[in-house]
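See below for the structure under consideration.
Should a chain be cited, it is by its letter among A, B, C, D and E, assigned in written order, with residues numbered from 1 in that chain.
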Amino acid sequence: MANPSGTGSELPAVSEGNLHLVTSPHVHFGWSTARIMWLVTAALLPCLAVAVYHFGPGVLAPVAGAIVGAVGTEWVLNRASRRPDTVGDGSAFLTGLLLGMIVPPGFSPVHAALGGVVAIGLGKAVFGGLGHNTFNPALVGRAFLQASFPAGMTDWSTAVARVDAVSRATPLGLLKFGDPSQFPADLATERLLAGNIGGCIGETSAAAILLGGVILVATRIASWHIIVSMLAGGALFGGLFHLAGVGPSPLFHLLSGGFLFGAVFMATDYVSSPLTHRGQWIFGLGIALLTIMIRLFGGLPEGVMYAILLANAAVPLINRATRPTIYGAKR
Amino acid sequence: MSKQMTINAEFAKGLWEHNPVLRQLLGMCPTLAVTTSAINGVGMGLATTFVLTCASLMISLLRKLIPGQVRIASFIVVIATFVTIVDLTMKAQFPEMSKSLGAFIPLIVVNCIILGRAEAFASKNNPGRAIIDALGMGLGFTASLTTLGGIREVLGNGTLFGVQVMPHQYVPWIVMILPAGAFLTLGLMLGIYNKFNHRHEEAALRAARLAAAAKGV
Amino acid sequence: MPLRSFRGGVHPPEHKELTEHKALELMPVPAEIFVPMGQHLGKPASPLVKKGDYVRQGQVLAAAAGFISAPVHSPVSGKVVKLVKGPVVGGTTADMLVVQPGEPDPLPADKVAEGAAPPTSAPLLLPPLDLNTVTGPEIIERVREAGIVGQGGAAFPTAVKLSPPADKPIDWMIINGAECEPYLTRDYRLMLERPDDIVEGILLIGRTLGENVNLGIGIENNKPEAIRVMREAIVKRQAAIRVFELKTKYPQGGEKMLIDAAVGRKVPPGALPMEVGCVIQNVGTALAIRDAVILGEVPRTAVLTVSGLGVKEPKNLQVTIGTPLRDVIAFCGGATADARRVVVGGPMMGFAAYSLDAPVVKATSGILVLSERELKEPPETTCLNCGKCAEACPVNLLPSRLARLAELQRWEAARDLGIEVCMECGTCAFTCPARKPLVQYLRLGKKNVRNLPRKER
Amino acid sequence: MTAFAYSLLTMGGLGIFFAAALAIADKKLRVQEDPRIGLALDATPGANCGACGYAGCNAYAEAVVLEGAPINKCPVGGQDTINGLARIMGVDATTAIRHVARLMCRGTAALARQKAHYEGPTSCAVQDLVSGGGKACQWGCLGGGDCVAVCNFGALEMGPDGLPVVFDDLCTACGACVKACPRDLFELHPIDREFFVFCKSHDDPKRAKEVCDVACTGCGICARNSQGAISMVDSLAVIDYAKLDPHVIPIEKCKTHAIGWLHPKQDLAALTAPAAGAGGAAGQTPATGAD
Amino acid sequence: MELFGIFLTAALINNFVLSQFLGICPFIGVSGKLSAATSMGMATTFVLVMAAMVTFLIQQYILAPLGLDFLQTVSFILVIASLVQFVEMVIKKVSKPLYRSLGIYLPLITTNCAIMGLCLFAAMRHYSFFQSLVFALGAGVGFTLAIVLMAGIREELELADIPRSLRGAGITMVVAGTLALGFMGFAGMKF
């Protein structure tokens, strides 16, 4: 009958006034924003490694420029607007790295840094920071660079290249402006996989990108729905036109240019992609269609970036159209 | 609008406080379209100011004669007349500028600033005030356009009023003279303008609180 | 047979190993108990005793105050010391009677001489009823009299749940043995230790719901032993009770999820399970009903799991209702040095206690003392729109968006997106990498949406 | 000359044609609208705060003109709006006494106890859902600043002591803070009213004293000495201002200083000084009802 | 195919709003709500087509034969103003909520340079009747596309934590700029 406890003094850590009052749930999956960002960064390393192998260590200069621009802007703007410091969550670093991977190998580091500033400043900070941006910040940065320095952004004759083969026009450029029959080797599948072709730093080797993609999907960071729908869309639309006698084979569409890189690393950006799987399928197919249209009928050799930016703009409408049916409700 | 402002205030309000571009967001189409260079901004601004001033004067003079129901239509006819005058004059005197401003000279006719001032101010005030108001608004418009054009010209071409101002190594950001650059620059300009005003408001609020606190003791 | 489940959900670490092998233990009655008048959903009961009264175990302390209410019985024999407002879990304060367990005062000599029976502290039981002859209405009446409430968490008065309106025929009564909340092993232990009594309870509940009701019990497949034992007990009694083996996934034990998994029916938004002809009862409730009918018992103790890395000796306990949390934790060896939070209920839906004086009540299913080691709490960042919450939400909502709408006080928009369907299971907040307090905002939103003027849909 | 004539003809013809078409359309399609609505809208301050009980200034203006809603519903516009609306509607202007918001709690961080470490969003409405938040008193100010957030006029600010401060001059008595406070601690009072019960606690005396130094414990001493102006409602003193004669209130008898003057003379200074650490701190934070 | 080219150019490649800067006022003013933006887009498209037809007739059969090209501005604006007023009356009669949501911007269609600009361009480029029609339709679709995309984004951004000084027109401009960058992908598109 005796009070078995005596007093609360036997409970040093959870004594009165020391209890934590928090809403349920009291356990957590344990993942954090920072962890996701750094894991994506890690998934990008194979691409970077291949780039260094093919283009030489000089490619690190524009990459570093973009990262410095992005992280520096994040830090400065946080300071200026008296918001909590968010450099540590890795998102600005990732944006910078992504941007660095999608400029030509010999791109000016200073201009890359400007791209980083634009990516974070106009792509993210004006919307209120991480999680609010409508567009993929890295692509905003790149679109800005593409429009600002059209010559620099299409100059593949990099001085840093170790192999001659890589300091050439991109396969897509050859297809659009050159005579593809004169460069059959550049259009071969195994070279597209290995990446010893002309192109932006991170996008040349399909194999390295796929490895990164496997990492992202296996860790369940990226939605495979977006990647698969975009690839399926590319194969479908590219294939249809190919059958109709327009354009190269669908496999070439998928492996060349920024298609894979866009599918794995750009379109899967959480913030600027749809919430639901159904929406993600529409999103991926839409990007694929736009890309193929721009590649085949537009004035530019490559259109992945524009396609993703335009699809980003449509995400609110897609989200609205694909709102999940509430459990038990009738459609 | 019950209180009469001083002539100075009437003039100055268009420059900053009620700046037609930055505050009232009027006349955005020419603002964005023609500001690829500072000189274009000046040209467009002055052309608009001329139309605005003449139309305001005319409408103010006629304000008691025009019946209410057809006033908008009459205003438009008056404005269109002056726009045609400007258009023809510029074609004759400044053919180059007229070319670079293109359709946006005749489009002054649909510039909301002009109709807006006609409706909100000139049709309710005497000719003197109407002219002051129109001049203020017109110069505010011109100043905004010139600033925007200047920024875009410097960054997008390395020049200001045609004079090279950026160092030789500078690679111009072509995007600045493209449509996207116009939107982005104006967006940031609006942000900076608002930031200034917010600072001002916050300071006023702090002062008011201090005053309230002082009185409370 | 494929495993039965539902869309969405998560797999939180179970930690059931801490207590699943520990047999139920009876905890001694503490020096003072605190019996709240409101231990159920609905109106608190109204006290029938006053300060200084001597009360017997099982005596009615407070009467039900309305249809959705339940009487409160004294868990012990002893003296009513006072009526106070004391701390409760999941709320601020509530009225409670403080009872000091003890023997009754001896009768004065003259009364003894008159031949009066000496007062006793033995439990006051209701007359036992016969399992084979008792009728449905009798059972419901007994359940109401005994003040039995649902053991599943919401503490809804069971008698009300057993009296569905005539226009809602019930054809499935399913016992919820999923126990999907991590840490908790109470239902598991009850199934292992009292399977025959549970079967009797199920049959009794079935009798209240008419001739055509099918009976079943759903158990997650992480409790194979419980599934085996229950199957044996059912066979032994030759009862027509189906055992549904369910996939282990949180919140498998949510009413809607259980119904979906077991019989494949979806409860419409805003409706109760009876809308689709189902009634769900908890294992503990079935036992309480059985004891009330066959033994004439009223709820005097609560069976609960005391667990978490912050308590020295995790246990499954039978605790006198009204025992302060402090005493229960102390009985389990006290808290460790790195204990940070005391949670009453499961870790996914339970409430953090702000005071260790708060008492155990009828529906308390667990007391968790969580330490720093298991409270993984990454820093909060802004929502990344990653959609993991939407993927996990068992009722197909967009929690991140609803929470943001609630944060911005846009109640109408939140209502239009179905915030009222949310059952606060915590799945979304569990998976959120941005560590947003989603449940808190959803709760805020639901409260304010309820207060919105009704709009015809 | 021909060009001139043609111009005249063309423009005249076009003008007449469209004028006629519009005139006919106007006849056929006209929607009647009371011109006074626009005028009434001009008379409102345009803050769209909803304090009048309508969906915004436009809705209120419509209600005044079309449904004859009372013209003194707009606390923000005050007498100006009333005068304006009176002129438009042709009715007498009724004078509104200026009101301001007052916080009925003095439980600063130093004077009121905490019961647990609350973790989560600071917003009061959210805190209140988690067992009433960290503050031990379940009636008092949570200090989350919901009132500050909803104030459109900058009239509220969180003070350093964890309670919001009202700036009388800026307060328009729109009532937004009254609605926002989950604990109903704000009340609108005439600006010259200085005497209040700064507590809303219905706790029993023991608990009230336990959780906060400045709580109304419900002892009733003020009521007994108030000649009927103060009554006790469920352990809380309530003032009937119609009967109140401030000079006979024995507020010095209130041990916790829960009842007293808005601008304290001595009553709170003595109590706060040791806690605040600096003498006279109470006098420097004006008009707070919270020092 | 040539008509399709005109349509595509007006709608995407030289999008009226994002690359020609026509119709910016309603683009900023009415893009706050998706429903209003949709109706604004439709109303504008309707007026565009009507105006293109009427001004074509006036240009072709009155101004050009009489050599009165200098009256273009005046007569066009008169036509447009009357048309818009007519549409306004119809909408006011048909749907009060629609009228309210479009609010003060309906009269502003008058001063919507998209309409005047379209008529001037069509006259300048000597489009035929059908070409003008398709041009107007393309411009209308382009305008609707831009304003609907923008409205979708802005409704979404209501949940965002945008810096105070950029709220409203500022962020709209930045989004429009990024959209314009995206639309550059259509440059040079030919079928």
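Simple rule for what comes next: a contact is a pair of C-beta atoms (placed from the backbone, for glycine too) under 8 Å apart; a residue touches a chain by one contact, two chains touch by 3 or more.
Please read all numbers here as calculations on a predicted model, not as lab measurements.
Colleague: What are the mutual neighbours of subunit C and subunit D in this structure?
Modeller: Correct list: A, E.
Colleague: Could you work out how far the Cα centre of subunit B sits from that of subunit C, in whole Å?
Modeller: Each chain reduced to its C-alpha mean, subunit B and subunit C end up 69 Å apart.
Colleague: Can you compute the centre-to-centre distance for subunit D and subunit E, using the mean CA position of each chain? Integer Å is fine.
Modeller: Measuring from centre to centre gives 45 Å for this pair.
Colleague: I'd like the Å distance between the centres of subunit A and subunit D, where a centre is the mean of that chain's Cα atoms.
Modeller: Whole-Å distance between the two chain centres: 49.
Colleague: Rounded to a whole Å, what is the gap between the Cα centroids of subunit B and subunit E?
Modeller: Roughly 22 Å separates the two chain centres.
Colleague: Among the residues of subunit D, pick out those that touch two or more other chains and give their numbers.
Modeller: 115-116, 120, 129-131
Colleague: Quick check: what residues of subunit A touch more than one other chain, meaning two or more?
Modeller: Counting only residues that touch two or more other chains, subunit A contributes 19-23, 122, 126, 128-129, 132, 143-144, 147.
Colleague: Using the touch rule from the top of the page, what residues of subunit E touch 2 or more other chains?
Modeller: Within subunit E, the residues that touch at least two other chains are 71, 74, 78, 82, 85, 159, 161, 163, 166, 170-171, 174, 177-178, 181, 184.
Colleague: What are the touching chain pairs in this one?
Modeller: A-B, A-C, A-D, A-E, B-D, B-E, C-D, C-E, D-E
Colleague: In their complex, what parts of subunit B are in touch with subunit E?
Modeller: Subunit B reaches subunit E through residues 25-26, 28-30, 32-33, 72-73, 76-77, 80-81, 83-84, 87-88, 103, 106-107, 109-112, 115, 175, 178-184, 186-188, 190-192, 194-195, 198.
Colleague: Which residues of subunit C touch subunit A in the complex?
Modeller: 10, 12-13, 27-32, 101, 182, 256, 266-269, 271, 310, 326-327, 329-331, 334-343, 345, 347-356, 368-370, 374-379, 381-387, 390-391, 394-398, 400-401, 417-418, 421, 424, 426-427, 429-435, 437, 439-440, 443
Colleague: For the complex, which residues does subunit D have touching subunit C?
Modeller: 115-116, 120-121, 123, 125-126, 129-132, 138, 203-204, 207
Colleague: Could you list, by residue number, the parts of subunit C that touch subunit E in their complex?
Modeller: Residues 382, 401, 404-405, 408 of subunit C touch subunit E in their complex.
Colleague: Under the stated contact criterion, what part of subunit A meets subunit B in this complex?
Modeller: Contact set of subunit A toward subunit B: 108, 111, 114, 122, 126, 143-144, 147-150, 152.
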